[in-house]
Amino acid sequence: MEKAMQKYLDKAEVLIEALPYIQRFNRKIIVVKYGGSAMVDEELKARVIQDVTLLKLVGFKPIIVHGGGKEISKWVGKVGMEPQFINGLRVTDAETMELAEMVLGKVNKSLVQLVEQLGVRAIGISGKDGGLLKVDKKLADGEDIGFVGDVKEVNADIIYDLLEKDFLPIIAPIGLDDDYNTYNINADDAACAIAKAINAEKLAFLTDIEGVYKDPKDPSTLISELNVSDGKKLMEEGYIGGGMLPKIQNCIDAIENGVSRVHILDGRIPHCLLLEIFTNKGIGTAIKNDIEERYYYGE
Amino acid sequence: MEKAMQKYLDKAEVLIEALPYIQRFNRKIIVVKYGGSAMVDEELKARVIQDVTLLKLVGFKPIIVHGGGKEISKWVGKVGMEPQFINGLRVTDAETMELAEMVLGKVNKSLVQLVEQLGVRAIGISGKDGGLLKVDKKLADGEDIGFVGDVKEVNADIIYDLLEKDFLPIIAPIGLDDDYNTYNINADDAACAIAKAINAEKLAFLTDIEGVYKDPKDPSTLISELNVSDGKKLMEEGYIGGGMLPKIQNCIDAIENGVSRVHILDGRIPHCLLLEIFTNKGIGTAIKNDIEERYYYGE
Amino acid sequence: MEKAMQKYLDKAEVLIEALPYIQRFNRKIIVVKYGGSAMVDEELKARVIQDVTLLKLVGFKPIIVHGGGKEISKWVGKVGMEPQFINGLRVTDAETMELAEMVLGKVNKSLVQLVEQLGVRAIGISGKDGGLLKVDKKLADGEDIGFVGDVKEVNADIIYDLLEKDFLPIIAPIGLDDDYNTYNINADDAACAIAKAINAEKLAFLTDIEGVYKDPKDPSTLISELNVSDGKKLMEEGYIGGGMLPKIQNCIDAIENGVSRVHILDGRIPHCLLLEIFTNKGIGTAIKNDIEERYYYGE
Amino acid sequence: MEKAMQKYLDKAEVLIEALPYIQRFNRKIIVVKYGGSAMVDEELKARVIQDVTLLKLVGFKPIIVHGGGKEISKWVGKVGMEPQFINGLRVTDAETMELAEMVLGKVNKSLVQLVEQLGVRAIGISGKDGGLLKVDKKLADGEDIGFVGDVKEVNADIIYDLLEKDFLPIIAPIGLDDDYNTYNINADDAACAIAKAINAEKLAFLTDIEGVYKDPKDPSTLISELNVSDGKKLMEEGYIGGGMLPKIQNCIDAIENGVSRVHILDGRIPHCLLLEIFTNKGIGTAIKNDIEERYYYGE
Amino acid sequence: MEKAMQKYLDKAEVLIEALPYIQRFNRKIIVVKYGGSAMVDEELKARVIQDVTLLKLVGFKPIIVHGGGKEISKWVGKVGMEPQFINGLRVTDAETMELAEMVLGKVNKSLVQLVEQLGVRAIGISGKDGGLLKVDKKLADGEDIGFVGDVKEVNADIIYDLLEKDFLPIIAPIGLDDDYNTYNINADDAACAIAKAINAEKLAFLTDIEGVYKDPKDPSTLISELNVSDGKKLMEEGYIGGGMLPKIQNCIDAIENGVSRVHILDGRIPHCLLLEIFTNKGIGTAIKNDIEERYYYGE
Amino acid sequence: MEKAMQKYLDKAEVLIEALPYIQRFNRKIIVVKYGGSAMVDEELKARVIQDVTLLKLVGFKPIIVHGGGKEISKWVGKVGMEPQFINGLRVTDAETMELAEMVLGKVNKSLVQLVEQLGVRAIGISGKDGGLLKVDKKLADGEDIGFVGDVKEVNADIIYDLLEKDFLPIIAPIGLDDDYNTYNINADDAACAIAKAINAEKLAFLTDIEGVYKDPKDPSTLISELNVSDGKKLMEEGYIGGGMLPKIQNCIDAIENGVSRVHILDGRIPHCLLLEIFTNKGIGTAIKNDIEERYYYGE
């Protein structure tokens, strides 16, 4: 057979290899926490949007929860605002909150735009719409650090309604407290709270690390699969620290509340989402239950 | 009967008087173009939101299309941007467009917040979501004035879907061209295009004038009802000018495309929407077909 | 502002004040036992129908259960029938039952007519239709007093079906026993049985008294709120007697079977239903659970 | 085979013979005008109810429109009312109308009761419910004969809603004029108007005659099938007179407005409805279009 | 009354007698195991199809599970295949299985054809379609007898879907094992497994015997009703043997898993299904729970 | 980047390239006529099933219409039947028809099995089920050649119902005439008739040729796109002959009756369906309207 033809056949084979994965996740909800480098690099951004759009088109129900990336800091500078500190902690005062909401709104609609451009129906909302995210004020070491909130309630109805109407929901992590004040929410926390509330099949964090290491200084200690018990032990024994600690806690929390699998992916690898879902190539770290049905292909 | 009791009975009577109007507009779509002073004055703003929320609760299907009020200019100043001009026309360059979208997004969510606070389910979108508003670049006297668009297509499906799910949609007037660039749209134009696309029963403009005058200098010439033919004649004869001209053209366009009635209301009067809909008090100017079914009460 | 305008604004404010109540009872079922003076006085009758119709139009689901008022006695006389007595108790023999059914049917359709006249879709049924009310013969002090029944089963399906089709059901208190004989049912009992069977939010009795008194001779002892425990205690201690005793028992029974609140209203006050539901004016006596969510406004 | 067994087999064969008819009328609407002797004789009454109930259970959608039989006259006497006449025409004054409505209501619920007793869900309504029948005052030779109405509008929605909820509707021929006054309607007219409005497949009149005769004095001239043209000719040529004339006009009117077949049945024959529908025995007279699909079995 | 008329009236009475049965089984699922003489004799076959079709048309939901009758043996001979035996047991090798599937497929479609001919919508499937029947290999006395399977899982969804779309499902007893090999299933077992999985109201076996006898040699010992306890006792005491033993076990298994009644009918009696369901003539043996609601008419 | 990783990324890119095609054909119906070598070669067969299953999983609605391949001839030999001829034409007598139906049934279920094995819900039917295909006897040059039929009516409801229930329908080309006799239908004709009746988006024939040639002797004259006018001209000018003539007529007929595109594919190329749909590689010949929307990617 001629060479050009072979190339086409190879492509067909790749599609066929995707069959069991497409079948496995048909109509399943996948929450993607989108942030980090994958949000800054235009090339990577385009790949993430392609991936999520493909997931939607082949029958999954993806939801994007995004942060503001480096845009918020950029605009704080642009407007000439001075960052506030209390006891050394950065504070989100009303003015900063207003700007943060504007920036998150801009990012939100730019993602809608990219998805729409690929022919898929997207809708950009924040935790205010339909009362999606209700928060309590978050205290840092007992200090009031302003309008930063902990999710205390997720009104999942709005998400089900939008999914039923075949939208791809894109969510900015902003919420309201009982007095209807606006609060910023950590995007990881928001993604985790939403994934739990809607019993997502998967929750995937796009991060700027390769995954979880036993010894962060030794790349060879990357953990590709971690069950809940082992994860807890690692934390107790002090192996996990820094920014990774709350992330792992979020992951375990999600698993213990009905999410089947949580993935810490390296968002710097193009198509990391597709690679995770459609191939047997282990990307990053998967957190799962101690005992798990053996339904995953290629493991 | 004691006096306190009488007061309560009077209140009951007011509710009963609303019966025929509630019945008349049950499940009808009412597009409210929200702008002007009613958007700046906090007191008036609260009234507008109450009115729209009440309309929703008693069975109507209101939709808000809003402008950015004076917020955009305020932020242009805050950021220190220099307005651009071409041949004396102000130009919306990419940077201004970015800021305008941020401000409109902020306004949008603040309205969502106010409606949610009154216990009604709101969702804030722009013309990007679900591909709602498609635009062509607008030229002013043949000049390119940047990212300002004319609506060329309304994807009404998204609105029907949101209404079906019992949301009160709040819409920022931003759209995409065929190359998926972001454009600002005049809020009056956006409201008019949407009202036509979904065959709204009513389209109401909240403005800063009392209504249409035959002679703007003589308050006694306020026109309370204007049919399409008379409206066209007034325009031909030059009675209508300034900012009112495009508004009237929009009104007539809406009527000729299936909207039953268009209202130019004085947004400076508290509860002007309720007064128009629930009482026989003529507020502002109503534009209607030359021949009209006699279904209006109190006329 | 001119005086006429102020009047209109006052009206708008009344509508706005109704907002939280409309929102609170949206799609909730409210059973109204309609009887007494409010059924005889044409003026009061018109008010009751307006009230119920308004409740329907603003999104509640009202159901009317009515008695025959003084019409039955009037017709017994007209036809020249002699009342029957056994041991001093009045007996509903077959002939009286036939006439009572005719009169209740007439009253039923006259209420349908009044509601239809206000533009709301009504349907008049009795407990025979769709097998709504199944009864056992009621004995009075062990004596057979003829075709008077106790409700033993409510076939709630028919009511749900009619509500789903957006009818306002108007129900005459007639039922069938296991042998398909026709029985008269006390309208209070019928309303109570229906409210329990469909888990109504509210059950309101229109009566000819101001409410429940601790000491019926002392108007100042009117009880505006009564919880179940206190109600039982009052009965045990003999404070409640006469026709009020079975009514209170009905109320408590309803509360204990899922109805959120029962109201004994003074039907002689025009719009007593609206006053109860839409204002913070206490009308009559409200019976409620000992512990109750604090969702009522204006209390 | 033993004799008892043969009897059972014969029964099975009868059911099997019904197959094509059951299939033919599956989900078709059949309006039965119920009146005459079949309403007075308890034995015949039971048969009619059995027939209609069977039609319902095997998948048809029967609707009963009934008159008041001789009950109205009986009650007029009972109450001691004097019939009114104007120019020799009997007049339905307000008092008579009130009594007629009461009697029709009683008859209506007694039919509901019989159908419910056979385990089928019935609902008894009049033309007031859901605004089913709107009338104009009927004049007799230009004379006002009181509250007698001509149907001018049928609100078919209510019937579709009740059929959808699987009720067997039983309808009393009472309607409202534009001022919401109560009117009596000739039951034949009401049945015909309803059959036309809902495009019934069949309209069957239960009468006290054997059918239409060419020569009423000669029983051998009974017409078993009559098409519209021939029916009109017979009327023009004066063969049809008396009470039969308006009935035939009603029949032709129904056929010309979408009803497939109209039957004038002899209600004095037990099970005349079943005989007509399930056997090839011609009962009474069938009126049909000049040209008709040959879908009838056994003809 | 003339004689011909009387004949018609008798027919009408037969239909009326069927009323309570039609009502009783409305929308109930009835699984018919079709086999034996009733499948070979063309006359009987036509009767069975008529019966099942009638059941469908009057509102029941019948399902046919059929065997291959004597057709399989006939074709084995036609093709010249030699039956295989292991230790004296007949073996279904791959070649025989292939032929058996072909024959069952032919029989299946011929039944579809007969039902369609009577105007009812049929669909013929096997246990492969929609993954309806999953099997394990069946061992006979520990011996591998080839592709003969025991049902281990019924995917009832497909049946509900087909019933919802108003099909009469006709099912060939073929299934797949976990490796997707084709297996033959005993038709009695398949019918029983399906009836249990969908909670059928009735399961009726068409057999070539009159029913269950206490003493097979004494026709007077035919048991017309057998409850589960008595059935178990008879088996323990050795009264039931031969081919009847597994059938009775199937029956008891079905009753204990939610089927209300199982019938062993004599398929050689024409219309045995109708006789059983629509008359009080006891045909064959009915197996039922020890305690049973008294809802059956004519018993 | 390491080589293994590159391989994975290449795979992800292939999936992404499929995006526009997946989007383009979402929920569109694609009829695949399956026959020829692709049915005989087990390797090719597996590929076809994979392709169709993938189409189903990514949101298309594929339908397979299959022939019997060489199986029918094989079985005719096996059974020892003598082919019949009339005037040199092969005749499908009753016996052959019976065998053909058995073989087609076997092939049908084997395809169901393969699709089910890949986790997709399949249902195998013939034109008898639900009365799908009604035929007239086909004459060949005026000669009766037995039970060979021309489709005269397609009852598309059954297909819509099965698609709605998410089945992948697999159809054997057998139909019934008005007397309910069984007929064989040419599989190409059946596929074409079905595609027209359900307004399929695409109809694809898997054949044993590379496509349509202008000069069959010169491989370089392969036509990759052919519009209806040119196709007709080619036929008129005699360029198309043999077995290709009726195929092309079928294609043109399909296009002229609402099918958007018809493809003559070379079934000997593995994954020819995927290649056609998901790549810009032209496989075989596409027949289309003279004027066509430019919605195809990669052309």
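Odds and ends about this structure:
Think of it as A, B, C, D, E and F in the order they're written, each chain with its own count starting at 1.
Operating definition for what follows: contacts are C-beta pairs under 8 Å (C-beta built on N, C-alpha and C of every residue); 3 or more make two chains touch, one makes a residue touch a chain.
Quick caveat, the model's predicted, so the values are computed rather than measured.
Among the remaining chains, not one touches chain C and also chain F.
Interface of chain B with chain C: the two copies contact each other largely through the same residue positions, with over half of all numbers used appearing on both sides.
Ranked by separation of Cα centres from chain E, the top chain is B. Averaging C-alpha coordinates per chain places the centre of chain E 37 Å away from that of chain F. Chain B and chain F have Cα centroids separated by 55 Å. For chain E, no residue reaches two or more other chains under the stated contact definition. Viewed as a contact network, the protein chains form a single closed ring in which every chain touches exactly two others.
Contact residues of chain E toward chain D in the complex are 4-5, 8-20, 22-23, 26, 47, 50-51, 53-54, 57-59, 118-120, 269-271, 274-275, 278-279, 281. Within the complex formed with chain E, the residues of chain F that make contact are 78-80, 98, 101-103, 105-106, 108-109, 112-113, 116-117, 121-126, 128-131, 158, 161-162, 164-165, 167, 174, 176, 180, 182.
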